[in-house]
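Below are two complexes that have subunit A in common, paired first with subunit B and then with subunit C.
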Partner chain A sequence: MIPVIQSLIDATSAGAVYALAALGIGLVFGVLRLANFANGEIITGAGYALVLLWPLSWPLALAASVVVAVGLSLLMDLAVFRWMRSQSPAALLIASFGVSILLQRAFEGIFGVNVRTGAVAPALTKSVNIGGLRLSLLAVVAIVLAAVLLLGVHLFLTRSRMGLQVQAAAADFREARILGIRSGAVIAVTLGMSGLLAAAVAFVLTAQSGSVNPTFGVQVTVFGLIGAVIGGLNRIGGALIGGFAVGFSLSLFTTWLPAGLGDFRVAFVYLLVIIVLVIVPNGIFAGRTAKERA
Partner chain B sequence: MTSTDTRPSPHFGWSLPQPVLSLWTLAVPLAAVWLFSSVASRISPSASIDLGYALATLVIVVAMWTFIGNSGVLSFGHIAFVAVGAWTMSLLTISPTVKSSIMPNLAPFLAETTLDPYLALLIAAAVGGLTAVISGFALMRLHGLEAGIATFALLMLVVQVLTYWSAIGPKSGQSMTGVPRSFDLQSTLLIALIVIVIAWGYGQSVSARMLRASRESVQAAPASGISITRHRIIAFAVSGALAGVGGAVWAQTNRVVQASQFGLDFTFTTIAMLVIGGMLSLWGAVVGTLLISAMNHVLGLLENGMQIGGVIVSLPSGSRLVIVAAFMVLIIIFRPSGITGGREARWPFRQRDPYLTGAITAVGEAKKR
Partner chain C sequence: MSSHDDARVLTVSGLSVAYGGVPAVSDLNLHVDAGELVGVIGPNGAGKSSTLLGIVNAVRSGSTEVSLQGVDLRRMPPERVARSGLALVTEGHHIFGRLSVHDNLRLGTTARRDRKGLKHDLRWVHELFPVLEEFADRPAGLLSGGQQQQLAIGRALLASPTLLALDEPSLGLSPTAVDTVFAAIESVCARGTAVLLVEQRAQQTVATAARTYVLSEGRITMTLSPTDADDSALLMKAYLGS
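This part shows the complex of A and B:
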């Protein structure tokens, strides 16, 4: 029984991280129709800030990671995506792929190809034993952090004036604009939120591994993106749950696959993704709206 | 109102029958590739090495066009078929002694066979096509962005399997070395030209025309009785087979094959070539590949340091991809349909459409009155 609970807790914490990544991607997609591949490089940027600055002072590192993430998020929109607002989601996706590769090489140029290490929040690597259950502090922090951020985003979206405008823009950007919603502000706020979420992801991941390399954020972004798709890209809640499901199943596969198949855990996740998409092509929570009928 | 305007058209031109005009859209890309190759192979030894890679990449990009261009559905998954093709070529041509030392767990029938490289090439095409058909049944029901991202899951799945399954390859993530070089530049060029002809021929088929109709309108095409899924699977299969050929040629050129090579960078480079050239036309795929390959060669020389007018110019290594990425982003912003505008090569001396020209003059005269 204990190993089962143990693995469920680990899986929940992994799921929480991927849910945050997917939520960041889903929010931006909702408003801009941009499935941002370069979200990974926002996470990487925040990761570098954390790893390099944590030894100096931890509050500085935390603040810097948020500033870097939000800054990068706004910057790439200013430099690239705002010039192609009228283009198709596919073109935006390809462009964001380009931005992602571009930033990866930039990180390589600035910080080198090799892994940069640094203990981020070393206090969290401890684990406590409760009745035979090994509870990693980091797993708990990841779950709590995700819960707080999700609640925060939810409250913001449903209770604040700005949040309602973001929701309206996500439902139908053109109509929302006609009704007098300040599109520039909505876009900036959305990008800022996705930056904040990316910084949170970077915090948990660097605390786990203590290292960053130029492709640090790619894997979590790919899974987040895929999670957002299987949840339903046009529903913010769907993206969140899809991301969680991907992280959760990845962690469960890691724990429970027999030794010979353990190497194939990632392959199994992708297989699962394809199966889900075959059953529900628009995503699990997509509803009945057809996106292509624009 | 009927037009009784019989004045000769003000534009000179020879009108050609339609079949000749459509052959022209094949002849121009073929001639361009042939010309490019014969120039590049004469410049320098390093240029001919890069030419080999350029031709392998050309096959891959043309294969991608076959699906993406005709269906309008983005695919990030084609490198999976390339990987499968490269794998097939390597497993079937590396000598058994080398195989037994680097791949001890290989399935027996693979461990003992060594085939003629051209036969291996055909098998690579078959395996690539088969993989595409099987995955196509699952993936081709999706539309738009979901399809793109699901093909991406396919790529990751295939790469993971090739990395870890030691019955069909080396131990986790190691490389396969010792692919014998059996294709010289001439035969690589010939293969590339044949692939272009096949892709063009597919583009002329009824199925491809129906698929292009569905690209223009996902609503109207099924309403006219076109089964989008069916034609997409056909396109996916053709394009998967051609991508398998591309992978096999690539394996012959690179001679070292490793699962991690078929990742995001490879996907990105090939998609960038297609997008830069113009992803809706075969001519675009060819132009994009040749242009970026030439650019890559020059940038590669600059990365090693090159003397230009007494000054040694050298770029930091890795700047190739940065420049390609930046170029692609600029193209998407300023010329979204690519350099060729997504059009096929056109007969330059064509006569203006007499009805169109007549209409324009009529409008002009109406304005004068």
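This part shows the complex of A and C:
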């Protein structure tokens, strides 16, 4: 029973991280119709800031990771995506691949091809004992961090004036502008939020691994994107749940698949994704919104 | 001339809109004076929506003049046009279905130049459309078509616009809902807001508006006055061309 609970908590923690990644991707897609593959390099950038600066000063490392992530998010829009506003989502996706590869090469040039190591929040690697249950402190922190951020994003979107405008822009961008909603401000706020979420993902991942390399953020972004797609890119809540489901199942497959099959866990996740998309091509929660958008 | 200009709210000269080289609106001129209700009628595909979207720069357009109370709108993005005092209710009442009725109305206040008078305006919108107060907390997507149209108009009014432009507000509505909408448009005008009403419902529009332009294949072919409303032969000709 106890191993089961432990693996469920680990899976919840993994799910929480992927949910954060998917939420950042879903928010940006909602407003910009941009499925941003280069979100991975935003995470990588924040990861370098954390790993390289944490030994010097942890507050500096945290602040720098947020600045780097938000900065990269805004910069790639300024340099590339804002010139493509009228292009199709497919063209934007391809452009984001370009940005992603370019930034990976830049990281290689600046920090080298090899893994850079540094203990990020080493205190969190301890585990706590609760009633015979050995819980990794980091797993608990990841879950709490994700919950706080998700609640924060939710409250911002539903309670604040600006959040309401972001929601309106995500539902119908042209109509929002016709109502006087400033597109530039809405886009900047959305990119800022996705940057902040990327920094949080980078924190949990670097605290887990204590290392970062030029392709550090790729995997979590691929699964975040997949999660967002199966949840329904059109719905922010859908992206979130999809991301959680992917992370959760990935973690469970790791623990529960027989030894020989463990290496194929990713294949099993993709199989699940294919099954979901064959049944509901627009994603599980897309339903009404797809029509609303048309 | 100058006293005439003071009364002018909207001036549109030489407006053209084309989609991929295919002209939708060509060299269109129209104007709306203070406190006036001006109609634009025409069959499907005449370029009515393109005219409105071109004026607010939601689609690419060319023109020699588009101005609101002397302010040049031509280079402004749509959000600045809205903030300059032109509120557009787009065709098919694009309300935000997952947001509550109240939140939709809140979004309408975005383009306001000041918060002064907001309470008063909200009370007035609730008087015009009591259903918006009754269903304030309901998701807007659950409203009927007529109620959604009322919400779209109420939302536009909360911007406290100088000019309210409406794109086929009666489209797809029940006869009672159409009457509600037309009555509301007349009270908006009576309150001093200029109105540009684009409609397919020719007879009712011509009878209500001070002046009605007839649009055909992207050009204004005729201007009608309220006395023409009962001349069905003329309306027929306006629609089908001579």
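As a working rule, the second predicted complex is superposed on the first by the 287 of 294 C-alpha atoms of A that agree within 3 Å, B and C clash if a C-alpha of one lies under 4 Å from a C-alpha of the other, contacts with A are read in each partner's own complex, and residues count from 1 in each chain.
We adopt the following convention: a contact is a pair of C-beta atoms (placed from the backbone, for glycine too) under 8 Å apart; a residue touches a chain by one contact, two chains touch by 3 or more.
All values derive from a computational prediction rather than experimental measurement.
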Scan A:161 for contacts with subunit B and subunit C and give back first, second, both or neither. second
With both complexes superposed on chain A, which partner does A:258 reach: first (subunit B), second (subunit C), both or neither? neither
Looking at the overlay, what does A:90 touch: subunit B (first), subunit C (second), both, or neither? first
Partner chain(s) touched by A:101 [first = subunit B, second = subunit C, both, neither]: first
May I ask you to decide whether A:59 touches subunit B, subunit C, both, or neither, giving the answer as first, second, both or neither? neither
Applying the touch criterion given at the start, work out whether A:226 contacts subunit B, subunit C, both or neither, answering first, second, both or neither. first
Touching both subunit B and subunit C, residues of subunit A: 292
Subunit A contact footprint on subunit C (complex, rising order): 56, 58, 77-79, 82-83, 88, 90, 94, 96-99, 103, 106-108, 110-111, 141, 155-156, 159
Give the list of subunit B residues in touch with subunit A in this complex. 74, 135, 138-139, 141-146, 148-150, 152-154, 156-157, 160-161, 163-165, 172, 218-219, 264-265, 268, 271-272, 275, 316, 318-319, 321-322, 325-326, 328-329, 332-333, 336
For the subunit A and subunit C complex, residues of the former touching the latter: 161, 164-165, 167-168, 171-172, 174-183, 288-289, 292
Residue ranges of subunit A touching subunit B (in the complex, touch as defined): 35, 80, 83-84, 87, 89-91, 93-95, 97-99, 101-102, 105-106, 108-109, 218, 222, 225-226, 229, 233, 263-264, 266-267, 270-271, 273-275, 277-278, 281-283, 291-293
